[in-house]
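In the two complexes below, subunit A is the common chain; its partner is subunit B in one and subunit C in the other.
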Partner chain A sequence: MLQFITKRTATLLAAVAVSSFAVFLIPYVTPGDPVRKIIRSRVAGDAVDESAVRGLAESLGLNDPLAAQYLRWLGDFFTGDMGLSFVSRTPVAEQVLPALTVTLSLVAMSLALAAAVALPLGIISGLRPGSMADKAITAVTQAFIAMPEYWVAPVLVLVFALKLSVLPTAGWNDLSSAVLPALTLALRPISFFTSAVRAGIIDAAGADHVAAARARGLSHAQSILRHVIPNGLVPLSTLFAVWFAGLLGGSVIVEVIFAVPGMGRLLFDSVINSDIPLAQGGVVVVVALAVGVTTLADFVHRFLSPTVGDSLA
Partner chain B sequence: MRSFLRPRVLVAALATLTLAGCGFSGNQAQPAQSTAAADTSQRIVVDNFRAPVANWAVESDAAYILSLSGCLETLTKYDQAEGKVVPFLATEWKQSSPLDWDFSIRQDVSFQDGTALTAESVVAALNHVLDAKVPARAFNRTMISSVTALDATTVRVSTPAENPLVPYRLASVNTGILAPAAYKDAEVNPFGHCTGPFTPVSEKAKQSLTLDRNENYWGGDVQLAGAEIRFITNGATRAAQVQTGEADISLSIPVASLAALKSAPGVTVLGADSPRTATLYMNNGRAPLDNVDVRKAIRDSLDLDALAASVYEGAALPATGPFAPSEPWAGEGQEKHKQDLDEARKLLASAGYTADRPLEIIAIVERAEFADVAAVIQENLKNIGIPLSIQAKEYASAEPDVMAGNYDMLLSQRNRLIDIADPIGFLTADYTCKGTYNLSHFCDGEYDRIIAEAATTIDANERYKLYAEAGRILKDKAVNAWLVNEQATDAVRTNVLSYVQDPLSRYVLTANTAKSAS
Partner chain C sequence: MSTPLVLEDLEVSLTRDDGGRQGRPLLSSVSLSVDPGEFVALVGSSGSGKTLTAMSCLRLLPPQLEITVGSIRLDGLDLVRATEPELNTVRGGRLGMLFQQPKRMFNPNRTIGHHLREPLRLHGGLRGPKARAKAVELLEEVGFSDPVRGFRAYPHQLSGGMAQRAMTALALAGQPEMLLADEPTSALDKVLERQVLQLLDRERRERGLGILYITHNLASVAAYADRVLVMNAGSIVEAGPAHELLIRPKTAYARDLLAAAQLAPESRRRPSSAERDVLVLDGVGKRFGPRRKPGGAALDDVSLSLRHGEILGVLGQSGSGKSTLAKAIVGLDAASAGTITRQLDGAEAQRPTAVQLVFQEPHSAFDPRMTLRASLRAPLLPRRGLTPAQREERIAAALAEVELDAGLLDKRPGQCSGGQLQRATIARALLLEPQVLICDEATSALDALTQRTILNLLLRLQRERNLSLIVISHDMDVVRYMCDRVAVLLEGRVVEVAETRDFFAAPRHPHSRSLVAASIPCRADGLWTMLDARNHAARAGLERQAAEG
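Then we have the complex of A and B:
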């Protein structure tokens, strides 16, 4: 266990270092001058005053060698200081934490919704593979994969906000305003979760220990409840963690369409505006959370399925 | 024409097709003034297209939000209908010497924190803007040397050179005046520190700003109890919110949503000329576009009517030149250029043009419609034997080559009034020989002389005549091909009263803005 924790901590540190350095380099390896991008994010317009460019570059330390700039940020970060946003000149933490709270809420709701839908559908499919119900469920849920969020979101707005007038079109005010963005984000996880549960159920139903249990006199229903379903759900924990990590920073389209002030928008805007400290702070938090959640998922997986314990160690 | 247009962004297309039963009711007009009575207990919701990014720094574009929301006020104000600068927090002004302008500060004004507006507080506010690390376009040390209080009620603004446009600069939202308590070090806190009809009381970061009525407003009774300004960057979402009634006013409606809104009950769509003209920039400094006949041939080959009708779906009008016809400096005889392929071919022949290499047009990707515009131009130029290749690039990626003169043509659009309500900055930066943003690499002594004269001409009408003359030179020399004048489009619920559209979205909520009960 100690070896496992050590390995994961090392992974976390490496991931933070690599991701923060990669984000740091983005403004320098993409076309355009980072300082001009910062200025244009504050005062729209193409023509930029050269003296302002020089002054801002100097005051932000952007004339220093890249290595010096990165090491300065890294040093501050490990003392708990995420720095000031280049654009707003406010502490990065004050922007990242509220956005993270919003996104965590949105992602949790989306995945809870996805699990609530996928579990019964996957179990029904897995217990009757090849049946009409299985085919219908598979067809419908697989179709969700082909529905991009920028298409689903306006359709949901059309139906629930414009036609039925039961939900708001956008915003992040109360539970009702979270329904459409959560539903939009949940569709693809529903598809993957259903597929994973179905496969897990089919595998578990054919396992030797289930056959043995039935041979010992356990009824069909009891064998499903005690052995098939619990074992069939094991793969879901890992999949759940992967989606959780992915949606933390990957919900930008939904956040823009529904005007949700989350991490996706924050990271997108910060990269577009060359706001390096904000982008670095945001990415580091997302990466750390992603590594943490997947580590937790591995523990859960181990708890549910002791046979993987050796591989974890 | 549509057959070769690329599909638009799917969100926008879907919104057009689905947000309402399709159809054009054609109710685009200036405000339909309801006869219903104002209900002073009503609050209003405005969907704005930008969110504050610079922590309410007045020198940044955040000032637009504070101004449109009826919080931030300036010494002068640009009256769109009159086409001139009028008093606001200053009651009058005069040029006391070639380098000095004196402004008399209004005496009956208090900030929302109860302190009085004085010459000293104005000086402090304006100097804060001058000292900003990223200075405002309209008001910075390059054109303003100092701001001082002459006495308790008079502020002197001095310039390094004679500058007749100082009153215009003080109409810029970036010169908005906040109470001294609003400025702590480099930070600005507008809450309770404005002079306007609405007091900001709370903010949801990246989401909205809530304001209450200023009961002690110097400009009279405020007709609304309060307001919420929402920051909705997605145009289709803004359109949907005004359609459902979640928003009362939605600014900057995208073309793709117009059809749905025009047929929606309870919504009025308002349009006005914006100071933006989509332009085909041509590199006057590089062959073959250094030949005026080649440039004229390209201009004559373009079918602007078709362009406006197809790509812009009627939400933009064919351009007549570098200015919109409604602008006071546009001059007489503003007629759109008609496509004339025969004349274009003759001009090419007289220029000795040979299609040695395909010309390249850069369509910046930040404007999604430019890909379609480029395709239309490609087809138009093909008709006169000019092969054209299209490069889609981010503006930041294209800028170094464009500024260095290593390009043929660029599709872009500039806001002529982005700094002040006068095009002097645009005409100087974009077209003078030493212009800092001369994308066309155009240089003409007569043009420079006219602009230099305009820069020191105090009388607005005389100055506008000079601008018109300069515009004629640009047209005669076909420096660029001006394609379409974009329209500023807002959507307003029909129970909103006394709403006057501002194409630059500086003034949206005023003391007179009202709502009826239904």
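Then we have the complex of A and C:
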């Protein structure tokens, strides 16, 4: 177990190191000289004073070796100094953290909603594959995959905000304003979770050990509650983490449509505005969180399914 | 208080969707009884309905099967007409079930203790610390040296033998009066098989447990059973006391079954020791993962040679490294130390495919989505010189050689029997004109009759093609039947190599001696020796108890 934890943690650190280095390189590989970009963003006119370029490069430490620059950048980064945004001239951290809080709550709500819907549906489907209920559930949830968010969101707004006037159209103020974005974001996870739960349950129900449990005197219901459902849900832990990680930076469409001040929109805006420090800060935080969550899911999976770690070791 | 289990005139049929019956019944007029304290064996080739009979007693048939006629009585209760709640108190309670392949019968995500708590709560009303104490006690009874650790272990952490003991503890947890044991030892080697059967026999003697023992293994029947029932095509065709039926079977089917089990060595021309070697293994080692402790190697310094035209047996218990050795020889999984030299001649000799492997599980050796034709064609595809017509010709020839019908080619593995598939795996191995064939437990998944035909097929092919064979097995009878020489593998090391006759007459290494001693001679004319063995075993058990208590 200890070995498993060390191995996974090492992988996590390596992933963060590699991705942060890639992010660090963004200004060097994008077209244009970063120093000129900075100066141009502050002075009107196209003519740039060459001595100002050299002076700024020196003061920013841009003449140091790349590795030294990276380590300094990384050190600053994790002590909370993510630099200043090109656009707003405010510290990046002050913009990233509130956006992160918003996105985390949005993603948590939509995944909780997705799980709450998908678990019962998947279990019902999986326990009676081929039944009418299964066919209906599968048809409906599969249809969710084909509904893009930029189509679902306006439809939901039309129905709930404009026609029924029960929910706000956009913004991020109270819980009611979170309902429509969370619902939009939950649709596709619902369909993926449902089919994963269904497959997991079918697989678990067909296992020989379930028949053996019946032969020990467990009733049909007991065998399902004790052996089929717990085993059938194990694969969901990994899928859940993948979706969590994916939605952290991938909720951009929903955030833009509903004017939610989250990470997706922050990253989107930073790219549009060529706000490199903001983009760097946002991406590294998202990547670190995503890798952290998937690692956590590996631990959970290992805990739920004890055969996993032993076959790796 | 104990009463017999009585099946009367049982019939099980496949039901159609509209509720009507379909085709011939799968079981018809099955009548049998097992008295308390009686050891009854139910034998017959695969598919004869033995497991179906056991599952009928528990009323755990697949949904498309139904008991259409007959009764199953246990202490006044007719299980055929009992309600679900009544059945749930009987299942695992008064009527225990012991399965084959114990590992698949445990929930992999739950500890052994968790499993044991279920019958203890359902049938004994025990919970919490009391259930735990009882579970540990049961594990100790079935031979766990560290029962507390066994209680906490997950199924995959147990060896095959320990898993079967844990399964036995689980079956006994509900204090059953009757035990249905469905090939409880078929996945075990002879040493473990004997331990499990002795355990059951002790329960029979001490508590008057009635046992319905389903098996392919007639040697164990001779050693333990009071009565034998022979089943064929869903009916009991012969029944009688073990010592009568095994010596003087009345029906032709029972005679065939016995003959198949009687693997007497054939007189085949032994290759002289002067024959050249075709395969030389020198100091072959294999370890999995660098972090393994020293001594944990799967193979350690294995040096062996295979002579031209020879059949070399490799014997060993589960986990001794037999399959690792097979894979290393054919090059599927390279050895991490030592050399394997091939000294073959002929046009095909230089190809890596000149040494072929016949796999253990015929069902998993084929792609379930491919027809047999496609599977057999695959190894020929890289041979550019062959036209499609020549390929088909070769496939047809190989099929004829293993005595398979060409009509089978368009079927998928799921539609074939184990015996047919095992022939097809052999045909596939022959397609590439190998000079050496490695058979890794090639018949251990088959019943006795099919096993014998496959072994004879291998012997004929060896003779006709002058092949050199390595037969890897845990089955002493197979090795004795087939092999010229025997090598014994223990924890990845070769501990003994000897001529087969010398080996069985006077095994030198202590491990070889225990292997030979555990293999009860499998011949009906040696029955009395076997019964002696049983008495001997019983005495040994009593003596051990006396010594311990």
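The definition used in the following text is that the second predicted complex is superposed on the first by the 231 of 313 C-alpha atoms of A that agree within 3 Å, B and C clash if a C-alpha of one lies under 4 Å from a C-alpha of the other, contacts with A are read in each partner's own complex, and residues count from 1 in each chain.
Definition applied: a contact is a pair of C-beta atoms (placed from the backbone, for glycine too) under 8 Å apart; a residue touches a chain by one contact, two chains touch by 3 or more.
Just so it is clear, the model here is predicted, and its values are computed rather than measured.
After overlaying the two complexes on the shared chain, residue contacts for A:215 are found with subunit C alone; subunit B is out of touch. Judged by the touch definition given at the top, the superposed model places A:294 against neither subunit B nor subunit C.
With both structures placed on the common chain, the touch criterion links A:105 to neither subunit B nor subunit C. With both structures placed on the common chain, the touch criterion links A:19 to neither subunit B nor subunit C. When subunit A is checked against subunit B and against subunit C, the one touching more of its residues turns out to be B.
Of the two partner chains placed by superposition, A:238 touches none, neither subunit B nor subunit C. Using the contact criterion defined above for the overlaid structures, shared-chain residue A:154 touches subunit B, although it does not reach subunit C.
When the two complexes are superposed on chain A, none of the residues of subunit A touches both subunit B and subunit C.
Subunit B makes touch with subunit A in their complex at residues 9-11, 14-15, 18-20, 50, 53-55, 57, 59-61, 133-137, 140, 142, 186-187, 204-208, 230-234, 236-237, 240-241, 243-244, 246, 393-397, 399, 412, 414-415, 418-419, 429-430, 436-437. Interface residues of subunit A facing subunit B in the complex, by the touch rule stated above, are 30-33, 36-39, 41-47, 49-52, 55-56, 59, 87-90, 95, 98-99, 148, 150-151, 153-155, 157-158, 161-162, 165, 168-172, 256-259, 261, 265-266, 269, 273.
Residues 3, 207-220, 226-227, 230-231, 234, 304-307, 310, 313 of subunit A touch subunit C in their complex.
Within the complex formed with subunit A, the subunit C residues making contact are 58, 60, 84-85, 88-93, 97, 99, 101, 104-110, 115, 118-119, 122-123, 154, 156-157, 170, 173-174, 289, 291.
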